[in-house]
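A, B, C and D label the chains in the order they appear, each numbered from 1.
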Amino acid sequence: MSDPPPTPLLTLRGIGKSFLGVRVLDGVDLDVAPGEVHAVVGENGAGKSTLMKIVSGGYAPDGGTVEFAGEPRTFRGPRDAQRAGVGIIHQEFNLLPERTVAENVYLGHEPVRRGLVDRREMLERTRRLLDSIGETALPADARVGQLGVAQQQVVEIAKALALDARLLIMDEPTAALADHEVELLYGLVRRLQERGIGLLYVSHRLKEVFDLSSRITVLKDGRRVTTVDTADTSADELVRHMVGRELSSYYPDRAAPEDRGPVRLNLRDVGNRKLRDVNLQLRAGEVLGIGGLQGSGRSALARAIFGVSPFTTGDVTLDDRPVRLRSPRTAMRAGIAYVTEDRKGEGIVGRQSVLDNALLASRAVFAARSGRAARTVRVRELLAAVEVRGAGDDQEIRFLSGGNQQKVVLARWLALNPRILLFDEPTRGIDVGAKSAIHDLVRRLARDGAAVLMISSDLPELLGMSDRIVVMRDGHVAGELPAGATEEEVVALAVGTTREMAQ
Amino acid sequence: MSALSLLPARRPVPGVFVALTLTLAIGWLVVLLDGGQLFNQSTTVSLLHVAAGLGLVAVGQTLVILGGSLDLSVAYVISLSTLVAAETMNGSDGALLPAVGLALAVSAGIGLLNGLLVTKLRVNAFIATLGVGLLLKGYLDNGYDGPAGTTSPTLVQSLGYQRIGPVPVSFLLLVAVTAAAWFALSKTRFGHHLVAVGGDPEVARLSGVRNDRILVTAHVLCSMCAGLAGIYLASRLGSGAPRVGTEGLYDLESIAAVVIGGTALAGGRGGVIGTVGGVLLLASIDAIFNQLEVDAFFKQVIRGAIIIAAVAVYARRAMRKAAA
Amino acid sequence: MQTVQRRTLPLRLPRVRPGGLLPILAILAVLVVLVGIRQPDFLSPPSLMSFLGRSAPIILLAAGQYFVIVSGEFDLSVGSLVTAQVVVAARLIDGDPARTWPVVLLLLAFGAFVGLVNGLITTRLRVPSFITTLGMFLILVGAVYLWSDGAPKGGLSEEFRRFGRRAFEDVPLLGRVPYALLVLLALAVVAVLLMRSDFGRTLVAVGDNPRTAELSGVRVWRTRTIAFILSGLAAAFAAILLGGYSGVSFQAGAGLEFGAITAVVLGGVALGGGRGSVVGAMLGALTLELLFALMNFYGVSGALRSTVQGAIILLAVAVSATRSSSR
Amino acid sequence: MAVLAAVTLLSLTACATDEPAASPSGSAPAGSGTGEQSKFFVQADYDAELALLTATPTGPADKPWEQVLNPKMVDTAKFKKKGPHKICFSNAALNNPWRQVGFKTMQAEVEAQKSRIKEFVHVDAEGKDQKQIADINDLLGKSCDALIVSPNTTATLTPAVEAACQAGLPVVVFDRGVNTKCPVTFINPIGGYGFGHVGAEFVSQKMKPGGKVLALRILPGVDVLETRWSAAKMAFDKAKVDVVGVEFTDGDPAKTKKIVDDYIQRYGTIDGVWMDAGAVAVAAVEAFQDAGKPVPPMNGEDQLDFLKIWKDKNLTAIAPTYPTYQWRTPVIAALRILDGEQVSNPWKLPQPTVTQDNLDRYLDASMPPLHYAMCGCTDLPGYPQRWK
């Protein structure tokens, strides 16, 4: 596996790209052989996405050459790249919820007979395609909107394969998947490999990179740092290449037993459409990790506590007083804050300034409480405290990096002095540097007496940050683990001993 | 209207047909009690004629709305098309086909302009088509101070007044155009791509759909439908009429018919069959109120309420579907 | 392809901010110069004052429409609301000066109520505002004709008409200052302050990303409903000034909704919400009015006016759309 | 196809943008500035109408709605039928005060004749040609004894009216005409030429010679209004007055005031105002008042708000009319036809003018401002309440 085969599928030489004079890519070389999984890693803003878009025809490079299947190519658009055999699976799903699986899979190249779309043929081919990747249970005429996240991922892959892709780009394919679904993806990737398809695999999760790839290219600041054989490197080394920092200083210290305060939030037999009989206690000063598969009720729990889709049964007490958390507003008034997992869709107001974003919640809920000037001063302090970098207060937030956006979101909530913080995937899609800053911040908040509930699909993060871990399955609590538990224990609880799976 | 919500959330039968059936049943009863007859020949013919005119425009409007766009210029396109057709014919049958061709070509040209403004210059469809409508309005106001041209007698006799039993030829034309549009939407790549562009333009683009080309085509087809409606009206009126489109409020009424028919204003969901249902519903209300001699202003109030209520019902259903 | 490119741009360079005031000020300046060349008298204070006074209603409507548009909705009912208000006022006042103030208050309440209904139907019943307000448009026009049997009745009192028609005479430097202008200035200041307030910032946030706003404790439905109410109130003020300026007629508000929306868009406000300023919207309306005056001065035939108007709107919006970085 | 479309498009945009530059009315208003005569102008009709202005009507002097100018009687024996009758009316629209007042007058006339009319069916086309065509077709299936039509547009309603004639029932057309001789009679007052001429002649005589006239029009394309303007144009061209502008107001008083204001600005003074309909007359007067200028000689119509301001402000004005009493005549005509009596075709009604001398006779302050003085309705059931 160590030697690149003599005829690479894709060869990039000296690729460069600038936007308005800002150099985003500079002289990047890369090649992918048929049947090879080539991973690309790097911090956010390292140029990975831009590079992938150049390969898939989204952008034209300013300099350098793209060779595909031995011929120099200039893709004039996604369609052109697809025709040549380059498929891409994006971080965010590119599916139409109102259309069927088959219609989605063959969108843009519907099978045609005598000039007309041949629906039967389309369904038949989709079925065969799904069979070939071992997904026999997925109906080809189901509406995509009704499918679960993992199934949608499968549809995405089928969509790429339907184009006879010889090179498949996967941009953070596991971002939306729970761990057992990641296993399915592994299986899929291996079957694709067997068919001689080359894969470019972009991911933040080093475990996947090591599990799947044969070679790894590290990008930093638009340049290629190195390309190494996976067998010859280690996670520590990779992270060093990416950030120039050791992995060990990753997680802050946990809370000492005496730091743990009284029970702040107590859930007794609570439930709603997605949750049943959940019993949970959240103490002041602790970070309670919530593990589980996607769809196991982790996010539903946070959203229920925050009043987005409230509990319909059971009792909730806050500091021993019964409360009804009917809406985000009531939750916020009770001192609860919620950092959502979908930052772009639910976390930021893209065209407003950093300051407006940070002030959003205080304005909405506590408009009359304090003087406006004082509040603004305080929010500015908070923005400085969370170390939002490279941006003035008046900058529109959409131009900030993911990590900095997340810090602004945090500042928004800290301005409310919350006593309970709910974090849903707080570091998803965030580069390593910003990640540890956020980890520090979360711990500091707990140390200052806040009760923190943190959902994470990133097992090392969950294990490294949590003082206790509650694992959810099928909408209820599957079990609780102490600090220092192992990944295997979490997964065992999440999946269940009988391996019945939640949809 | 409440019966709409009882319908199972299946796609094939748009709820508008339930509403239509109910409206006709209740209307028939009320008119009967009033001493009239709703389904006599002349009333049915009138109803279908009204439906044919609005229907042709609304089917075209459905295409652009499905694609996530909108066309507010149709009313002026209709007027222009009546004039182009009638002036080219100038009362002779010989020029019939060239006139129809020219009217459609001019309409297609305006659709092309709309489409290019929306796609290439990225002007919001509302503003783009409003602006193009104003351009046309100026041209019509400046160039015409009243009806002009004479429609060929053959066209007047055939498309304008000929009927088979109680069904006017023009309604058959609507049926044909609707069938063609339905066929295009479900059986051609263009149709699949159009719905995709309306559903999510980014997804469509990344799937290799040429969004701009699809949307421009939809705009061209929409304008041609309006042009066809203009030709029909010219055959009905016997001449070109520079204000027939705006008088008939075809812009807003066609959009109303589309949304009553269950097509989402944001695009990506719906179809032409529902639109025809919406058109028939509006025409039936017209006919019933005509029979009862209800004040036109009262009818307008009812119309406004029905538009809002229909869409509210669809919105409720969509909400329930999302929750389920 | 261009969209993606635009979206992912790490823009740091100083450039014309989308939704900024620069483009509309430039257009306005060009028009003022053109008017100045053709009709220098127009720029003398008294005639400028009366021009601003008579433009007040449409500027107010644009401001009202701005609140709705920036929150991500549409209000097509304002024109018919103005008509309804004027007709209702005439019938209720019926020439009796004593009824002026009660009727003014009633009109404001009526405007707010129509806005409330628009807002609640849009936000609570999830009917797209285009449809809600289109329906409201039909209902209001139908109802007002129905109520008045097709012809406006009664008459406005001089006291009522004073707001839109009269002025402070013999003001030093300026000549005469129409009451309408003062009303406009006062309300414009209120609008600007409102947009700088917590409510205003929240309103923009709701237009840009309602999900985020909702999860930050904003009652999105309430905020949008308030925007509709503000639009209804603006329509009421506009109706009072317009009724005063020109008297009662069924044509009073005809087509004003499209005029207001055009003005707002011309002022750099994005349809769909989240971008643009209320000052831009009001300047957009002023520009549009100046354009009409300009056409009167240059003797552009009445029939061709809509062509010129359409061309300018398309041009302005197309230029700003191709220049702006976000879509 | 695409090429053809592109060419069409180019030519379309080209003519849309080139015309203002090419138009002489652009920057240099030379001569009278009224432009070419419109295609609505028919010299023979013009001459005939001007002659009618001075003709003496036959019929009862106190009932102008029953009078006829230059009667040409036609035989109607074949329509004779026993009453009471069912009379159907296809109305173009009810969307302005003139039509409202007229329709109320018609309804009152029907009520006055209720012993002879068992049913009166009214269908409103809401100003839509195609709806009126459908309406007429619909009415044909309702066994009406007579059909009254007030066409929305002359040319476009002709086929539908012809179809109605062929159905065998007597058809009476009034207000706007149709391009066919088939109706039993066509009722209208002298017409647009007379209206336009009276106003224009007054304005050009009362103003200073060679002065500046502003012509305010409602909207283009309505034949009645077009003929008014073409007659006025004749009068102005003959008097060699300088028509500085012809503007469309859409009947919107606000727009009217802005236009007049801008013209006062532009020319310093306006010496006469002519308008093709009285709807915005008061707004025009106010524009002069608000600008602090004397109100020049002008014409309006017989709407009470104008008559009132005319009297109050002592204006130099005239009000040619297009009397709403003509709405009574079709009902009377239909009944006469059903009796087999002879009626005149065309049935030309006199068209009185309100002048300074008879102003007081028509000004009734107790009626609403938008009421038309010439309604001929004072003897009808329900007066005055029905019209308030």
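Assume a contact is a pair of C-beta atoms (placed from the backbone, for glycine too) under 8 Å apart; a residue touches a chain by one contact, two chains touch by 3 or more.
In this text the structure is predicted, and so the values were computed from the model without any measurement.
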Per Cα centroids, the chain farthest from chain B: A
Where chain C and chain D are represented by their mean Cα positions, the distance between them in whole Å: 35
Centroid distance [mean C-alpha coordinates] between chain D and chain B, Å: 33
Between chain D and chain A, distance of the C-alpha-averaged centres to the nearest whole Å: 72
Centroid distance [mean C-alpha coordinates] between chain C and chain A, Å: 43
Where chain A touches two or more other chains at once, by residue number: 77-78
Chain C, residues touching no fewer than two other chains: 1, 4, 145, 150, 301-304, 307-308, 311
Residue list for chain B, restricted to those that touch at least two other chains: 135, 138-139, 141-142, 202, 205, 295
Each pair of chains that touches, named by its two labels: A-B, A-C, B-C, B-D, C-D
Touching residues (chain side chain B, partner chain D) in the complex: 40-43, 45-47, 49-50, 53, 102, 105-106, 108-110, 112-113, 135, 138-139, 141-142, 144-147, 156, 160-161, 220, 233, 236-239, 241-244, 247-248, 286-287, 290, 293, 295-296
Residue ranges of chain D in contact with chain B within the complex: 1-2, 4-6, 8-9, 12-13, 15-16, 19, 38-40, 94, 121-124, 126-131, 133-135, 137-142, 152-159, 163, 220-223, 226, 248
Residues of chain C that touch chain B when the two form their complex: 1, 3-4, 121, 125-128, 130-132, 134-143, 145-146, 150, 258, 261-262, 265, 270-272, 301-311, 313-314, 317-318, 321-322, 327
Footprint of chain B on chain A - complex, ascending: 77-79, 82-83, 88, 90, 94-99, 103, 107-110, 112, 115-117, 119, 159
Complex contacts: residues of chain C adjacent to chain A: 1, 4-5, 8-13, 198-199, 201-202, 204-205, 208-209, 211-219, 274-275, 326
